[in-house]
Amino acid sequence: MAPNLSVSLGSSLQLKNPIMAASGCFGYGVEYAEVVELSTLGGVVVKGLFLEEREGHPPERIVETPSGMLNAIGLQGIGVHRFIQDKLPTLRAHGATTIVNICGSTVDEYAELARILSDADGVAALELNISCPNIKEGGITFGCDLGGTHDVVARVRKATALPIIPKLTPNVTDVAAFARVAEEAGADAISLVNTFLAMAIDVDTQRPKLSNIVGGLSGPAIRPIAVRMVHQCRQAVQIPIMGMGGIMTATDVVEFMLAGAAAVQVGTANFVDPFIWPKLLSGLTDYLDRHQYRSAEEIVGTVDLAHSDVAWISS
Amino acid sequence: MAPNLSVSLGSSLQLKNPIMAASGCFGYGVEYAEVVELSTLGGVVVKGLFLEEREGHPPERIVETPSGMLNAIGLQGIGVHRFIQDKLPTLRAHGATTIVNICGSTVDEYAELARILSDADGVAALELNISCPNIKEGGITFGCDLGGTHDVVARVRKATALPIIPKLTPNVTDVAAFARVAEEAGADAISLVNTFLAMAIDVDTQRPKLSNIVGGLSGPAIRPIAVRMVHQCRQAVQIPIMGMGGIMTATDVVEFMLAGAAAVQVGTANFVDPFIWPKLLSGLTDYLDRHQYRSAEEIVGTVDLAHSDVAWISS
Amino acid sequence: MLIDVDALVLSNDRLSPEYNVVRLAAAEIGASTEPGQFVMVRQGLSLDPLLRRPFSVFEILRDDNDRVSGISLLNKVVGAVTGMLFTIEPGQRLQCLGPLGQPFSVIKPPARAWMVAGGVGLAPFLTLAESLRSASTDTTLFYGGRSAGELYYLDKFESLGVRMALTTNDGSLGEAGLVTAPLKRELQALGEETPLRIYACGPTEMMRAVAALGHQYRYPSEVSLEQVMGCGLGGCYSCVVPIHEPGGQMNFVRSCLEGPVFPGDRINWNGIP
Amino acid sequence: MLIDVDALVLSNDRLSPEYNVVRLAAAEIGASTEPGQFVMVRQGLSLDPLLRRPFSVFEILRDDNDRVSGISLLNKVVGAVTGMLFTIEPGQRLQCLGPLGQPFSVIKPPARAWMVAGGVGLAPFLTLAESLRSASTDTTLFYGGRSAGELYYLDKFESLGVRMALTTNDGSLGEAGLVTAPLKRELQALGEETPLRIYACGPTEMMRAVAALGHQYRYPSEVSLEQVMGCGLGGCYSCVVPIHEPGGQMNFVRSCLEGPVFPGDRINWNGIP
């Protein structure tokens, strides 16, 4: 019998499978409706939305780095109202499980976004982007401060009954502390990691390669750090974790799940291979089959640490 | 005329050129005496030394990751006394500019190491390793705490007249704050980055790939984050910076220097190409020539940020 | 329809130390490509380089029965992937995702078509010329390169009945100077009544100049921009171009979806790096 | 002397879907390689895979004038780099750094040499056999594989006058079972007075068993370990092996410098992952 891929991200969010598209790497989802059957994904996390439209940063907005890329898109976006009007109906029509990534300059804006989206039809959950490294106002200022993280989560908690998933930044000393604060403030789950603040300089022009000077590093380069952080958070909180950062293959999906992720998001890999989704799903199914699991949930957090300290010296 | 490559790292440390071998990636230097003329390097930072011998972690100690590697060597080492007796004379004989990377479990141990090495013949400077991510005691516990960083640096400052260079960890929210504390406590220069705490899991055995569970990520994968941190520190402190993290080519050397590094260290790249040193030196010389600089020091920190905000919308 | 083909390399013709043409067994892509569309390519499983790179479809290959059998790419070495494409050998494979993007509009007689190419900007014009000439449109190629050795496929264009106006920086073939010089001269000489469409692909400064000339002489122009592209499918918002919207407003639009071909007039050239 | 050669690939013989032999124009390395030494290889400028990989020198190639012209590697596909080595084509290049490591000691008559190889563990034994046989040492190869199709270069060893004792897991060639079975039998049959040295390379469990047999029957053994190696030159301390020091103490020693060949007795086998 085929293993059961469905996973639950808290009491009110059940996913068909643990593989979701990461925010900012899948447009508003509708761009990919011809490439992948959106309803087959565990979920679609749409591009970060503010209340209002934003033009984003001027090009260059991305630069490739070894096994990774920097981006400083600057959250160009259509704003929540146009999203609800123009994109959400299409997502709904395609049967997508839609998670909306929201971003504000103030705590009030997060709460306001949450209220507006609670009334919209077809939103499965909210991901709170308190971790975007390449905009000046808001975002990461909340994500790098325990009090700020608490405030945003607690206020959004009051504003909506939708599941809320704060997205943590890896640019902190102790990510587990942020996970705990998020849990305390009422988060249903957490997701991590957002990108690492980084920089690249063109040595010929002697200028930063990105117009925004700095940007966020994503892609396989960061995977080992992201896996470590997911594992640390798994030991710190009870709520489910959505893991991400550099997933390129089904093996990487399994690695994150063993480390403690109940579900994963895939970002940069979708740029490299937009047809990746069925490959990841069948790879995960094969893995579960091969290791005789009946459900994906069985492997969450089961990394075996007991054998790690090879007691060679005593033998 | 060939550009002048010499750089100064504070008043009492003048390097022939800005390119040094990074700690832990060049053994005790003597291993490479047949491969590269040690006296041609800006400096050799030897493998991290404790007071006593250490056996290190059992294998597996490294694992390759996309454009990077994790290591958890666990600071296997011969201890400071055997180093002074067995290795230092050879380094001296080869005319190496030797910087000793020291590591302690307590502040006292750092001070004791500094005292011992001050009396030895042929030590150009001390690099204080307060950033090794893969040992339990000492190391990174000092490096992730502003007070701890201050204590180690201030105590070592009292114990020695040698130039002291605390090596900062990137596993913190605000690396510039640590740079400032190091400067205040009397550091002559700072070096960064040490490795990023990371983890990799073998999905077949479901065990961590490293015996130590976690290890430090180095190599080109981390370069963009390291460049950003060097640049942040450059804006925070006056003392010189030794930059490192993923340097593979002379272009990367220049990138770090433009970001603000007065000198650089090269670690992982030496594993990939032990004959890299003359290539980096001639590449740097070519760059300076091509851009008509007379000395390497002229490019330190000169990244041009003025043009970064392309004012397209107003035009 | 968009597909991803792990295409066999059929041949690699090195035209110079910098330029080559790679032929690929990607019939499914060739069969549905329109002039000006592009593919996103990558090789193998290595994660460095990581992202795909955009390349115009240069030729649609056909077998002896005139069935579409593949495509070719005109490649100019500038970095990692273009360097790899230069050394690739027949028998190896290249992943090709496409066709992507908005094509050129193929103008019909009595209008004339003037194509302006600089360097590797020639790439989208062979398929365009074929389409134009099958519509019997009077077609000219203004084509500039650094020297005679860097102007390629001239016979091919001539055999399609394309009129050629060549320039080289060093004067070793055609007129000495920039390709915009003969363009400007001929625009000046043109009677107002002649309907004409200008197509341009090449360095940004060249396209900008061509768009300005088109504007000045009131002929519509279409330029094919070469923005850095992270995905090619509208997912990343990296490839944006600042555009004058009809309402007068300015906007960043994704050149992979709404381009790479744009009306020259719509672009805010100051905002392009 | 240690050198790094960007060696031309001369040929690639695929022996099976998993095994192949790559011949490389690395004469300078071949000229100074001793049996059991290795090279660290990488291909191209890509940073993924990043680190070099260790490979035993399989053959020393010679030209018609019997001058050393290169080396070959016996490759078994297990991952990224070995996969790349399987598909590499003549005309491409492979960077080879070497020769590295401590060689086998070449025992001389009247002592006999017994080489025990499992799978790709055959790699260091062809050069060793040549050296042993030029010293006229009585040499036997105990060689085990999964099936007949996975035992290679038998003719070559036979032509050197090496006595062969073959095993396969499935019994399709030689004796059915593990290679340690005939080894044990022959050790039992051996008179105490015969001087003998055992050499082993293969899976860890096999080498461990061989070292134990050597110990049991009091013959010296040399095993060639395959630790993960980050640098091959003593710089990284990744490749360590737990060793019983003469004083009884335990120590991690670098197998790239002090190995890969070690006396079987000195190794703390429990500490090897």
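Order of writing sets the labels: A, B, C and D. Residues in every chain begin at 1.
Simple rule for what comes next: a residue touches a chain if its C-beta (ideal position, glycine included) is under 8 Å from a C-beta of that chain, and two chains touch if they have at least 3 such contacts.
Remember, it's a predicted structure, so these values are computed and weren't measured experimentally.
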Taking each chain's C-alpha mean as its centre, the one farthest from chain A: D
Inter-chain centre distance, chain C versus chain D - centres from mean C-alpha coordinates, in Å: 53
Separation of chain B from chain D, taking each centre as the mean of its C-alpha atoms, in whole Å: 37
Separation of mean Cα positions, chain C and chain B [Å, integer]: 47
Gap in Å, rounded to a whole number, between the CA centres of chain B and chain A: 33
In chain D, residues with contacts to at least two other chains: 47-49, 242, 250, 271, 273
Residues of chain B engaged with two or more neighbouring chains: 55, 58-59, 66-68, 211, 219-220, 248, 310, 312-313
Chain-level touch network, classified as line, ring, star, complete or other: complete
Residues on chain D engaged by chain B in the complex (per definition of touch): 1-2, 4, 42, 47-52, 97, 227-228, 230-231, 233-242, 250-252, 257, 271-273
Parts of chain D lying in touch with chain A, wherever the complex brings them together: 47-48, 242, 250, 268, 270-271, 273
Interface residues, chain D side, partner chain C - complex: 45-49, 80, 89, 91-92
Footprint of chain C on chain B - complex, ascending: 66-67, 220, 310, 312-313, 315
Footprint of chain B on chain A - complex, ascending: 55, 58-59, 65-68, 70, 144, 171-173, 196-201, 203, 205-208, 210-214, 217, 219-225, 227-228, 231, 246, 248, 251, 254-255, 258-259, 287, 302-305, 307-310, 312-313
